[in-house]
């Protein structure tokens, strides 16, 4: 059984310089209340691992605007001119990773695999500095696992055990990130009693979730 | 929209010597009607990739008894003395693979990864003849992807588009195997109209399913 | 009819019954407007839905259901929600029949560059590298020239998206197929002459004796 | 109290509040009968459920809900269904707090052999190699000797399950902890002397001045 964590208390858990895995795709399926609490607290120096940095004023874009992100490991920054400007100004480091490779690297970190072998990125700047492994005559890039100190997860619904359900395109990186961090903080829209989510509907087992944010007021 | 395939017609699709991925764990979540149809037809020489060979009279055990399995790539044969006897008599080849490695090798085959890097099996007979890759000072076995000519999938429920749901411990290898074969044949307990399975409940998208077995009579 | 509509209508003819298709944001997404009535296809958005539908009615928008560009969409009956690992598993694993992407440059090898202009614009590759590396058929939909400068080059000067030959280039001036021998001119745009295409193309084109005018959906 | 009950009762004391625990089939599964009332734990069965419960009432058995041995079970409120990829992702990824397995041999390095006797019995490793390689705490629960022959050896003569040191050996005669220095005798069984343990053990034991008798749940 989990106790609901207050927003401010959840933000306090996260030290300066932490590596944060943050769910969401262009701010869809992103834990917005958690991000607002981090912006309100003002501690930063974070390495953010996410699909993208969203848009200014939305999701991870708010962390970028507040200057709390030192490094972003993402697949796309095209809709956030602030990220691009900070990157060019040298205020923020950006590591671009192909989206499919990014999610597999996080999964590898979460499920205890040593790396990812993918053909994506071969013959492009993505292969620079990486090991290429030949398997039965085909070449693959060896991409390394990614783990976070914290995963910040947005969910449609949680039960008191922390079991999570996701909605439509708000799944995206959330279920995979919930596997790959030392501490997992989940922000559900709704919290329901144990038994209200049937076993077959659970996408993230509650044993992976360390903190459940209290209900929205 | 898919048309329901008759049992005999489905069995006829499968040529002698095919590589079959068959869902199930000790005959739970195994496509029993499909297996019965293969036994009735009597064409064999199959390489079966599955968690186990179940027990005589159940699931894959029926294929073994009928002498239709030339090779089994499985994690466990402990509950099927016939498999053990045939293996010792040289009538059937058995390749034992750790269960977690087996499911990841099938997943790699299904999602286009070049292999699996796992610490499981290091320092045991499982590592014999395999490449060991060192990543940041840690050693991992390179295990190769597995694909099938056919995947035989058991599901709780399908809609007319082939979207699949699974029940409780009858998930096991089914969702992963549905990704990793040239032709996927699904055997649902129940078939419901399009829209009766909500998008968030679908575990195997219908676009992966080539043939849907007709309802049980 | 403007250039983009010509391109979208021509690309629409490439879509066959039963396909799973990914349309990039921008111009490629226009293709969905010109499909034949009788095809039973699914659109995939890489952010997580199979069965992407049109824009929802006013007031029915769901913040948890968008396309990869963040725009509100619907899901068709029989749709399936997928997370990013499944989404790119389908893409990289060869389950996606066709992807339509925009392009900055394509060259005589059939290689595409579409994710950055060094020192100028670095949106990131998003899912493009996985799509080009993994989709069964890769169609590049783009206007033929950029401010009068050719985009179809002897060799891409911009960083590649993948070192894999794409399937087809569709512009308002031409349909061009990369082959073992080079770029083959297959069709010209409405009212466009072969000479005009050759003039607007920096790459060498293989021009057959007769080049038909493109049909449009 | 027979040997197996002593072992199960002693192992039960290793289980702490909040743990996710995997019990092997046979003797290890008996541990579930001796848990303290007030612990909030989940049992995982590697075939696909978190929150394994007791045997169902007569007539309530569900063929789609079994343990890894194929026996009918229930699922507790708050249970989650998982497929084999997720199941072993949790195991290999370090999310499983404790596993209890049977053993054929354990040696002075703390290495376990439990999956085959060459030329005699080849059940296969099933999930054991992943469990021993991945679980945070690995407890081997076994009777101290096999037909009078020691099972705790200087070096395993049977094929290893993993080249990773297990956490604890619990037999009816002793609790033994593998350490950097070797096998440390921590407790003796009810009415068993240190001399008897040393006699029944082929491996060298590190014996402290006082060895307490084991407590039992």
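In this document, chain identifiers A, B, C and D correspond to the written order of the chains, with residue numbering beginning at 1 in each.
Assume contacts are C-beta pairs under 8 Å (C-beta built on N, C-alpha and C of every residue); 3 or more make two chains touch, one makes a residue touch a chain.
Here the structure is a predicted model, which means the values were calculated and not measured.
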> Is the C-beta contact count larger for A-D or for A-C?
Replying inline: A-C
> What whole-number Å value describes the gap between the mean CA coordinates of chain A and chain B?
Replying inline: 32
> Cα centroid separation between chain A and chain D, in whole Å?
Replying inline: 35
>> Need the CA-centroid distance for the pair chain C / chain D, whole Å please.
In response: 55
>> Centroid from C-alpha atoms only, then distance chain A to chain C, rounded to Å. What do you get?
In response: 29
> So which stretches of chain D touch two or more other chains?
Replying inline: 49, 75, 81-82, 85, 88, 91-92, 134
>> Using the touch definition from the top, which residues of chain A touch two or more other chains?
In response: 104, 107, 112-113, 118-119, 156, 166-168, 199-200
>> Which pairs of chains touch each other in this structure?
In response: A-B, A-C, A-D, B-C, B-D
> For chain D, which residues count as touching chain A in their complex?
Replying inline: 20, 40, 42, 49-51, 75, 77-82, 85-86, 88-95, 134
>> Touching residues of chain A toward chain D in the complex: what are they?
In response: 1, 107, 110-113, 159-161, 163, 179-180, 194-195, 199-200, 202, 205-208
>> Which stretch or stretches of chain C touch chain A in the complex?
In response: 45-49, 62-66, 68-70, 75, 81-85, 87-88, 91-92, 111, 122-130, 133-134, 159-164
> For the complex, which residues does chain A have touching chain C?
Replying inline: 25-29, 51-52, 55, 74-79, 84, 87, 94, 96, 98-101, 103-104, 107, 118-126, 156, 166-176, 203
> Which residues of chain A touch chain B in the complex?
Replying inline: 104, 108, 112-119, 133, 135-136, 138, 140, 142, 144, 156, 165-168, 199-201
